[in-house]
Amino acid sequence: MRAKILPMPIFALLNDEQASPAARTVFDDIMRTRQTTSVNNFWRALANHPPTLRRIWENVKQVMGPSRLDALTKEMIYVAVSATNNCEYCLHSHIASARKLGVDDEQLAEVLAVAGLANETNRLANGYRVPVDEAFR
Amino acid sequence: MRAKILPMPIFALLNDEQASPAARTVFDDIMRTRQTTSVNNFWRALANHPPTLRRIWENVKQVMGPSRLDALTKEMIYVAVSATNNCEYCLHSHIASARKLGVDDEQLAEVLAVAGLANETNRLANGYRVPVDEAFR
Amino acid sequence: MRAKILPMPIFALLNDEQASPAARTVFDDIMRTRQTTSVNNFWRALANHPPTLRRIWENVKQVMGPSRLDALTKEMIYVAVSATNNCEYCLHSHIASARKLGVDDEQLAEVLAVAGLANETNRLANGYRVPVDEAFR
Amino acid sequence: MRAKILPMPIFALLNDEQASPAARTVFDDIMRTRQTTSVNNFWRALANHPPTLRRIWENVKQVMGPSRLDALTKEMIYVAVSATNNCEYCLHSHIASARKLGVDDEQLAEVLAVAGLANETNRLANGYRVPVDEAFR
Amino acid sequence: MRAKILPMPIFALLNDEQASPAARTVFDDIMRTRQTTSVNNFWRALANHPPTLRRIWENVKQVMGPSRLDALTKEMIYVAVSATNNCEYCLHSHIASARKLGVDDEQLAEVLAVAGLANETNRLANGYRVPVDEAFR
Amino acid sequence: MRAKILPMPIFALLNDEQASPAARTVFDDIMRTRQTTSVNNFWRALANHPPTLRRIWENVKQVMGPSRLDALTKEMIYVAVSATNNCEYCLHSHIASARKLGVDDEQLAEVLAVAGLANETNRLANGYRVPVDEAFR
């Protein structure tokens, strides 16, 4: 049994003192919008490049904010895509969000089941080169 | 302007006469379950290998059938994964299913927007190697 | 019904007159090695950049040539990966090679079934974040 | 040097006491079919959702069981797809299975070499948009 | 030889009359920023959902606009990622942009060669599970 | 807080004594070409299969060596593809190379921003099935 050296991220996670004023402005908006007093690692990593931090936060605010699709449906889609792409961070963060919105373990398992099956039939349809039905047009 | 030669699928699409009795039994179950009189190209392609046809149909019936998640949510997840994997056939077939279940163009555009953004932030979280927050555990 | 304009490849397919002497030398080696008188489109496209043409041909010759794994097994692996990545060209070319080596439709369907299922369980194992068993180490 | 906190899986690995009767029935079938007395983590994770546990096990039993392709070929295809999709768990579990079936390190390295090269030529064929040869149809 | 039915996009491409005022405002900004009188199909498709149209255009303007990396380098990175993901549309559009910025065929072939090789070594490093060197930290 | 067991790679990292003469010849060429006295883990893992070690090294030497594209541009493309495919090892090794060639944190963040955005628009273009503009042909 060997202790593992913690993998260093590409960029440091910036705390409030290390973050630039531009980054802290985004931190403040994140906390205000989400009504929380903490800022997740994702944003503290992006704070190394404030234009990306602000851009991605504006995107998330628009796409994941109130709209025609309810918030939980959007979190479940996010989980399914993150499982498809194998993003460990995104899986944990969006599962946490989905749970706050009320998803239970059985529903979560169903999200992963749909994602898993779609990954299989995607390859079968592509591998067999199935032509699109006229009826779908 | 040049006419395109239709890309030949790997396997022929089997009509009812060409399909084996084992495949036709699955076709019958598909039509009965979906209350329709037609069988899509995907199943007619898989009919070249009846064990796969039956296996995949049983999977789809279980995963996409009545359960804790509603049918439309599952179709939207399917669309998002299929866009991520670039499966043309699956996009068209599951968008057709979602539309039958009442999704409108605005909601569909939102599904693709969430899928698109997740694909971006998946790469940012992976590229920055962001460590998972303790709070998510 | 509308005629489709044939998608133009990024680079022209070079015929024997258009190919440089360096590219024709590779063409000759391809035909000699494969004991054929034709050169596939893939090589005629790569001929636009002779260093890539020669490099990729040398790689294919080494990896797909006589070795510990038999030629058909290697073609089947190639088909499975190409279905996973949705490479239409590679699917058709390696299925053609596998068929020349004796694979029949049932075996080919099994290759795609294994590839399909692997794509599903890959996402389930990644999505559930299943820790590797000690027994596998 | 910092000790790493073990990443928590999304779901707990269920031991025999925690698993539901439905899940234990699948565990029993796994042990009987594989003639072993242990159940791998993958199945203990899926046991959190018995319908998925049973469904995936039935799929694996059908696809990976006796058929036209020999068992080792199917394990090698599984390894190649798992390397393509970067599934750490699946790599370890299917390499373990392939080794039990007699694959040696040299053959295993060849499987990964074919998978690696296919991933390169898949992108070259897709990137150059190479049209499929008439000869492959 | 069979004529192909043109695959219908999921959404219609909106011309200037069909686009909403919100979408036309973005079209105008695209033409002004790029100093051109035409709007590409990508934007005409996104115009079906004006919030996505505006959001993606603002992203592209920020990321691909003047910054520390020169415009051609960014287009080449875009081409490499699009080849990796097999996005036909993005390959053509970003190769067109790179050519306007002066890239020649030899350089373009090199971009695809680097992308291809990276796709191979990515799978070898992941497949072999190579631990990160201390020297890289 | 639990100590983590270091994930065992598939193959051992071979030191100079364990490597075969064929592998050591490649190690020597790597150190001579790169004017260094150390050999990275990637090569020590591939040394388990000397034909792959030599083949991949020859590929890297050709593709990443002096050519029409400058070395830094090629490293940045490698980073973008590695982020897209989630290759932790390749991200760290090619970011290390890019930094040696002078890239700073702001430029590196821009590389990841372009890669991230490309991953989003790739899915939007594929998901909307946007037809390629005539103007790009």
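Annotations
To keep things simple, chains are lettered A, B, C, D, E and F as they appear, and every chain counts its residues starting from 1.
By our rule, contacts are C-beta pairs under 8 Å (C-beta built on N, C-alpha and C of every residue); 3 or more make two chains touch, one makes a residue touch a chain.
Here the structure is a predicted model, which is why all the values come from computation and not from measurement.
Taking the definition of touch as given, a chain qualifies here only if it contacts chain B and chain F alike; those chains are A, C, D, E. Chain C and chain F touch with mostly matching residues; of the residue numbers seen at this interface, over half occur in both copies. When the CA atoms of chain E are superposed on chain F, the rotation angle comes to 180 degrees, reported as a multiple of 5. A count of C-beta contacts for the chain pairs C-E and B-D puts C-E on top. The distance from the centre of chain C to the centre of chain D, each centre being the mean of the chain's C-alpha atoms, comes to 22 Å.
The mean-CA centres of chain A and chain C are about 34 angstrom from one another, to the nearest whole unit.
Looking at chain F, one finds that residues 3-8, 10-11, 51-52, 55-56, 59, 63, 82, 84-88, 91-92, 95, 106, 110, 112-113, 115-117, 119-124, 126-129, 132, 137 touch two or more other chains. The touching residues of chain A, counted against chain F in their complex, run 1-4, 7, 10-11, 48-49, 51-52, 55-56, 85-87.
Contact residues of chain F toward chain A in the complex are 3-6, 86, 88, 91-92, 95, 105-106, 108-110, 112-113, 116.
Chain contact summary for the complex, chain B toward chain F: residues 79, 82-84, 86, 88, 91, 112-113, 115-117, 119-124, 126-129. By the touch rule above, chain F contacts chain E in their complex via residues 6-11, 13, 38, 40-42, 45-46, 52, 56, 59-60, 63-64, 67-69, 73-74, 76-78, 80-82, 84-90, 92-93, 95-96, 104, 106-107, 110-111, 113-115, 117-133, 135-137. Across the complex, chain C meets chain F through its residues 5, 7-8, 51, 55, 58-59, 62-63, 132, 134, 137.
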